[in-house]
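Look at the two complexes coming up: chain A is in both, with chain B in one and chain C in the other.
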Partner chain A sequence: MLNILIVDDSTIMRQNLKRIINDLGHNVTGEAASGNDAIFLAKEFTPDLITMDITMPEMDGIETTKILKKKYPDVKIIMTTSHGQEDMVRQSIKNGAKGYILKPVTKNKIEDIIVKLFNNKVKHAKQEEITREFSGLV
Partner chain B sequence: MKLFFKITIPIGISFILFFSLLLNYIIVLEEKTISEFQNSVRTISQNEFENRKVKMLNMEEDYLDFISHLASKISFKYLYNYNQETIIKPLSEFVELKSIEAISIFDASNNENFITLIKDDNGAHVIDKLPDFFDTYKKFNKPIFEINEKGETETYGHITIYYNDFLVERKLDMQYKKILSTLEKSEKQNEQAVNKLFKNQTVLIFVIAGLLSIIVFFLIQRLVLLPLNKLQIGLNSFFLFLQNKKNSTQRIELNTSDEFGQMATSLNNNIVVSSKLHEEIHELNVNLEQMVEEKTQKVTTLLNNAGQGFLSFDNHFIIDEEYSKECIGIIGDNFVGKKISNLMFEDKEKQEFFQNVLLDTLNEDDEFVQDSLISLLPTSISLRDKAIEVEYKILEDNKFMLILTDITAQKILEKKIKEEQEILKMVVSVVTHKEIFFDLKNDFEEFCNEDFEYIDFIKTPLNNMNRLYRMVHTFKGTFLQLFMNESANQIHKIESSISQLIKNSNTTNEEILKFLKDIHFIGCIENDFKIIKKVLGENFINNENLITISKESIKNIELKIASFIDTQKVPDYHSRELLSSIQQLISINLMHMLSAYTKMSYQLSHKLEKEIYEFEIIGDDNLLIPESFKPFIKSLIHIFRNSADHGIESSQSRALNNKDQIGTISCNFEKDNNVLQIIIADDGQGIDTEKIKQKLLDRNIDVNKLEENDFFKYIFEDNFSTKEEITQISGRGVGMSVVKNELDKLNGSYEVQSTVNVGTTFIFKLPFYD
Partner chain C sequence: MKQNYIDKFQKNIQNTNYKILSKTNQDFFKIIALEYKFSFQELKQLIDFTLDFKMWNEKDIQEIFKKEYNSKKEAFNHIRDIWNELKSKPNSYNTFDKSSYGDVRKISFEKNGSDSLSLGACPVASPNTRCCNLLTLDSVESCGFDCSYCSIQSFYNQNKVTFDVNFAQKLKNLKLDPSQTYHIGTGQSSDSLMWGNKEGILDALFDFARCNPNVILEFKTKSNNINYFLENEVPVNIICSWSLNTPVIIENEEHLTAKLDQRIDAARKLANKGVLVGFHFHPIVQYENYLNEYKKVYDTLLNTFDSNEVVFISLGTLTFIKPVIQKLRSRDFKSKILQMPFEDANGKASYPIEIKKEMFKSAYDSFKAWHKDVYFYLCMEDHSLWKEVFGYEYISNNQMEDMMKMAYSNKINNKK
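Our next item is the complex of A and B:
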C-alpha cells in the first residue's frame, strides 16, 4: 500500500483522484489545493507518490515539483495534465517528475502508472537475482 | 638471450672476482716468502763477511807480527855490527811488502834511532824522522835481542813496523760491496721471475675463468635456454593458432627428462586438448557467423518488406546510412545525413520540442521517465500528404530509432468507414426515433416556410434575435441528436452568424428579416434527407404515420452493418449496437429495446462531461411485447435523456453536495398480474417543484390548490421545460409530452417520485394481457 499525496487546485479532481486511489487500495495521506500546501503536507506525511496538477494558481506544478524534489529527492511525482501541455510536462520531468497522466484521470491510468513505477523495482530486483544465479551456474 | 645475460654474466664476473682474490693472496704470500729469503741471505752474508773480516785482520796481524819478528832477527846482526849501510837493502824488501808503510829501528845501546825506512814509489828510502801522521798508524814493536850462552836474553834495541790496516779493510769492503751487488742482482732477477710468474698466473686465471664461464654458458644454453626457447616457440605457435593467425599448431619437441621436459609434455597434452577445443569453437564460430549473417540478411529482408520504415539518427538528429527501403517511400530520396527533425516537422517550435525531448531522454537513466518523455512526442504526423504513424526507440550510443508506418490508406479507410457509420447511425436513429425525426422535420419545414413570422416587429431586435438564436440552437441540437451531422453543421454556421448579429447592437428588425431571407434554410438539411430517402425510400419520408419500410431495406442495412463488423479486426461496438437496433425493428423484445438506452445514456452523460456508472436493464430477458407498445417504449428515450441531462448533476456540484461524483441511472421492468411496470430512476438533483410553481404562476395557475405530486404532471405537458437554458440535448421539452401521449394510447398510468438532491423515479404501469 502506497502513501499518496494529491495536489490539485480543483476539489472535484482531488475527490475523483482520492476515490480512485482508495479503490486501488492505496492510502491518500493528504490533499493539497496549492503548491505551498503540498510542500507543507509532504513534510508532514512523507508520501511515496505525489500526483501534481500542472496548472495551479500562484505556484504551478512545475515549480512545486522542483522545490519538492530538492527537499525530498526520493519522492516520486506524477503530473496530471491535459492535451497541449506537452512542453510543460517536459519541464516538469526535467525538474524531477517521473511521468504524467493525461486527464481525464481514470482508474486504469492510475493503476498502470503505479504498477510501472513501483512494481518495476521488484521486477528488476528479481531479474538481477536470476541473472546472478544463472551466472553462478555457468 | 636475456636469460643468458642474466645468468652467464654474473657467473663470469663472480669467477673473475674469486680468482683475482685467490691470485692476490698467492702473490702476497710469494712476495712475503721471497723477501724473507732475501733478508736471511743478506744477514748470513753480512755475518760471514764480518767473521771473515775479523779473521783476515787477525791473519794480517799475525803476518805482520811474523814479519816484524823476522825483521828484528835480521836486524840484530846489522845492529850489533852497527852496519847502517848494509841493513838498508834487506830492510827495504820488508818495507816494500804490502801494508807496511815504514820501518824504524831503535838502537837501545846508543839510545838513538838507528835507521828509518819509509815506503815510496821506487821501493823505500831512508828518512831521518817519520812524519807526524805516522803516529795514527798501527805499529808492531819487536825487541831486537840475542840469547847468550847462558841463555839470557840480551836486548840491543827494537824494531817498529808501521802498517796501514785500512787497506785490508778497504779490500774487504770492496769484496763485501761486490757480494752485495751480486745479491742485489740476484734479488732483481728474483723479482723479475716473480713478476713473470704473476703475469702468467693472471693470464691463467683469466683463462680458467673464461673457460668456466663458457662451460656454464654452454650448460645454461643446453639445459635452460634451449628448452625455454623450444617452449616459447611451441607456445607462440599455439597462441598464434588460438588467435587464428595460423592454421595448425606444433608439438613442443622437447624430450628431456628434466623439469622442462615434464613441462613440455604436460603443455603438449594441453595443447592437443585445447587445439581440439579451439578447432571445435572455431567451427562453431564459423557456423555462428554464417547463421548471424543469414539472420542479418533475413532481418534486413524482413525490415525491407515489413512495410515499415526503420531509420536511426544520432544525438545531432542526423540520419544514419542504414535504413529500411520503406523509408524512401515515406520520406523521399536522399535523406541520409539530413536532420530528421526538419524532415518531420515544418514548425520550428515542434522541431525544437522534438529535439529537446529526445535530448532529455539521454540524460535520464530511468526507463519509466524515458518512456514518459517519449510519449510526449507525436505518434502520428503528416509527411508529404501521407499519414505516418511514428514509434520512437532509444538505442545505445546516444542514438535513436524511428519506426515509420504509412497509415494513409488505413486512415482513408477509417474515414470512409466513419462516414458510412455516421450515415448508418443517422439512418438508424431516424428510423428508431421516427417521432422525433418527423417532429423535427415538420418543425423545421414550418420554420422555413413561415416567412419568418416569428420576427415580431413590436418586440426589440434583440428580443427577436435571442428568440431566433434559441430556435436555431434547438434545431441544431435535435439534428445532432439524430446524428444528422451534416445538417447540424450547416445550422451551426447560421447560428454563428446570428450570434455575430447579436453582438452588433445597431441591428434593426428589417435587417434581421433581410438576413433570414438570404439564407437557404432548406438547403441545410437537403444532403441528409437525400441520404435518408436513398436508404429508406421515398415512402418513409412522405408517410409520417404509416411506416412502410420494406423488409428488404431493413435486411440491407443489417447486412451492411454486419459486413462492417466482419471487415474490422477490432470489435466495433458502434456497429454492433447499430445491428441490435436494426434487429429490434423486426423482433420486439422489451429487454432488447430498453438496452439500447443504457449505452445512449452513458454516452450522453459523457458528452455533457458528467459521469455515470454503466448500468444494465434489470428484467426478464425473454419478455416479448406487442407491436402496439413500441411507440411508448421508444418514447422512453426522453426519460433517459432527461435523467442524464437534467437529473444527473455535474460531478463538481455532486461533490459539493457530498454525493458520489459518479451518478447512477437505473431501469428495471416486471410483468405481474397483467400489468407491465417499468421503473426508471436516477440519483440526480430531483425535480425542483419551486421552479414548476414559478412556471405555473407565470401561466396564472393557482398553485396553492395543488398537491406536491400534482406538480409533476405538468412536466408531461407540451412545451413545458423548467430548464431556463434550452440545451441541445433536451430540445424544447417535447419529450415528456410524447411519453405522456404514448402512455395514454395504451391506457397506462405513471407515478413520479422526486426529492431535491436525492433523485427522481418514474414508474410507468401498462395493462398487459397475454
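Our next item is the complex of A and C:
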C-alpha cells in the first residue's frame, strides 16, 4: 500500500482522485490545494507518491515539483494534465516528475502509472494481502 | 600437407563471401591462404574486409597486403588494424563521384489482391528502445529509391514493387474505435509519395483520413512528388513528413531520391497550402564535418518554416541488422555507410553511445527556437539517451505515445 499526497486546487478533482486511490487500496495521506500546502504536507507525511496538478494559482505544479524534488529527492511525482499542456509536462519531467496522467483521470490510468513506478512494491503489497487472506482461511 | 590445406580452403570458403570477390581477388586469396594457412574465421573476416575496402572506395587488399609477414597472425592483424582504423575515423566522401553509383535495377510493377490489410505495429519497435507505438499501413510493398542503409532491401525483392488492388476497399472496411486516436504511417514499406496516385492509393488514403478524423495519417517521403496534394483538398489530419539529410549523404547514400532543396521546397509548398509538415533526420550519419553540415540543414528549416507549421522533428541514426550488412557487401556499388564503428544496440549494430549523444544533442540544441512548439523525439533509441539529449525522459512507450498524439492533435485542431 502506498502513501499518496494529492495536490490540486480543484476540490472536485481531489475528491475524484481520493476515491480512485482508495479504491486501488492505497492510502491518501493528505490533500493540498496549493503548492505551499503541498510542501508543508510532504514534510509532515513523507508520501511515496504525489499527484500534482500542473496549473495552480500562485505556485504552479512545475515550480512545486522542482522544490519538492530538491527537498525530497526520493519522492515520486506524477503530473495531472490537460490537452495543450505538453510543454509544461516536459518542463515538469525535466524538474523531476516521473510521468503524467491526462485528464480525465481514471482508475486504469492511475493503476497503470503506479504499477510502472512501484512495480515491486505494489506486487509485494498484493502478495502480502493475498497471504493475509489465505492465512485467515486456514 | 599442402593438399590437406587446399581441401580445407575449398571447404571453408563455401561459408564465406568468397564468391562475391572479384576474380583477381579470388586468385589472390588462394595464394595468401596457402602461404599463411589462414583459419576459417581469419579467412572469413579477411574476405569481408576486402569487400568493405572495395565498397568504401579504399585501397584494394592487394595494394595493402605486404609482400612478407613474419606470421599469419601478423598478416591478419595488419589488415584488421587498417580496417578498424578506417571504421573508427569519420568518413570522407572526397573520393566519391557520380560514377560511384549506377542503378542496375529493373523495376517491375505487380498487383496482388490479398485479403488482409497490412496494418500493424511498427516493425522496428522494441521493448528496449523508446518507441512511439506507431501503426504502419502498407499500401505498396518495396521502394523505388535505393538508400544504401535501408532495411527494406532485406525484406522485399527490390526489383518488384507490389500494389494491393483491394487496398481501397479494405480501408473502407476497417473498423476503428472512434474514442481512440490513431497515429498511422504509410512510409515503412515504401516511400509514401513517390508513386503518386498509382492504383488509386492516394485517393484511398485521403478518403480514409476524411472518414476517420480520429486518425493522424502520416505520409513519409524523400521525394518531391506532391502534385496530388497540390491538386486536391488535403484532409487536416494528414501530416506530410520529409526524411532529410545533408547534400553529401543524399548524393552518396540516398540514390534516386529528390535533392535536399527539392524536398524542402516541396514541404514549403504544402505548408503554404496549410498542410502540416514534419521532418525526420534519420539516419544522421557521422562523416567529416558532419555536425556543421547538418547544422546548415537545421538552420535552413528554421529560416524556411514557422514552428506552427511543423508538427515534429524526429532524430535517429544508423542501425543495421545482419541481413542488411550482408546484402550491402554483396552489392557492387560504392558506399561508406558500413564504414563506422559498430556497437551492439539492442541486438543491432549502431554507433557507440557517445557519438549518438553528440549527433542528437547537436541537432536538438540547434532547434532551440522550436523546443516549445514542436514535438521532438528519438526514433529506435535507448531510453537513456532521452535524458541526455532532451533533459527529460518518459517512463513508458505509452507515455511517449500519448504525449506525441496530444502534440499532433493540438496542431491539427489549431488548423481547423
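To be clear about the criterion, the second predicted complex is superposed on the first by the 119 of 138 C-alpha atoms of A that agree within 3 Å, B and C clash if a C-alpha of one lies under 4 Å from a C-alpha of the other, contacts with A are read in each partner's own complex, and residues count from 1 in each chain.
Note that in this section a contact is a pair of C-beta atoms (placed from the backbone, for glycine too) under 8 Å apart; a residue touches a chain by one contact, two chains touch by 3 or more.
Values in this document were obtained by computation on a predicted structure and should not be read as measured data.
Once the two complexes are overlaid on the shared chain, A:Arg90 sits against chain B and chain C alike.
In the superposed model, A:Lys98 lies in contact with both chain B and chain C. When both complexes are overlaid on chain A, the residue A:Lys70 reaches neither chain B nor chain C. Touch criterion met: A:Asp112 reaches chain C, while chain B stays clear of it. Once the two complexes are laid over each other on the shared chain, residue contacts for A:Gln15 go to chain B alone; chain C is not touched.
Where the contact sets of chain A with chain B and with chain C meet, they give residues 86-87, 89-90, 93-94, 98-100, 116-117. Considering their complex, residues 353, 356-357, 360, 364, 366-369, 371-373, 376, 651-652, 655-656, 661 of chain B touch chain A. Residues of chain A touching chain C in their complex: 83-84, 86-87, 89-90, 93-94, 98-100, 102, 112-113, 116-117. Interface of chain A with chain B (complex): residues 11-12, 15-16, 19, 86-87, 89-90, 93-94, 97-100, 116-117, 120. Those residues of chain C that touch chain A in the shared complex are 371-373, 375, 390-396, 398-399, 402-403, 406-407, 409-410.
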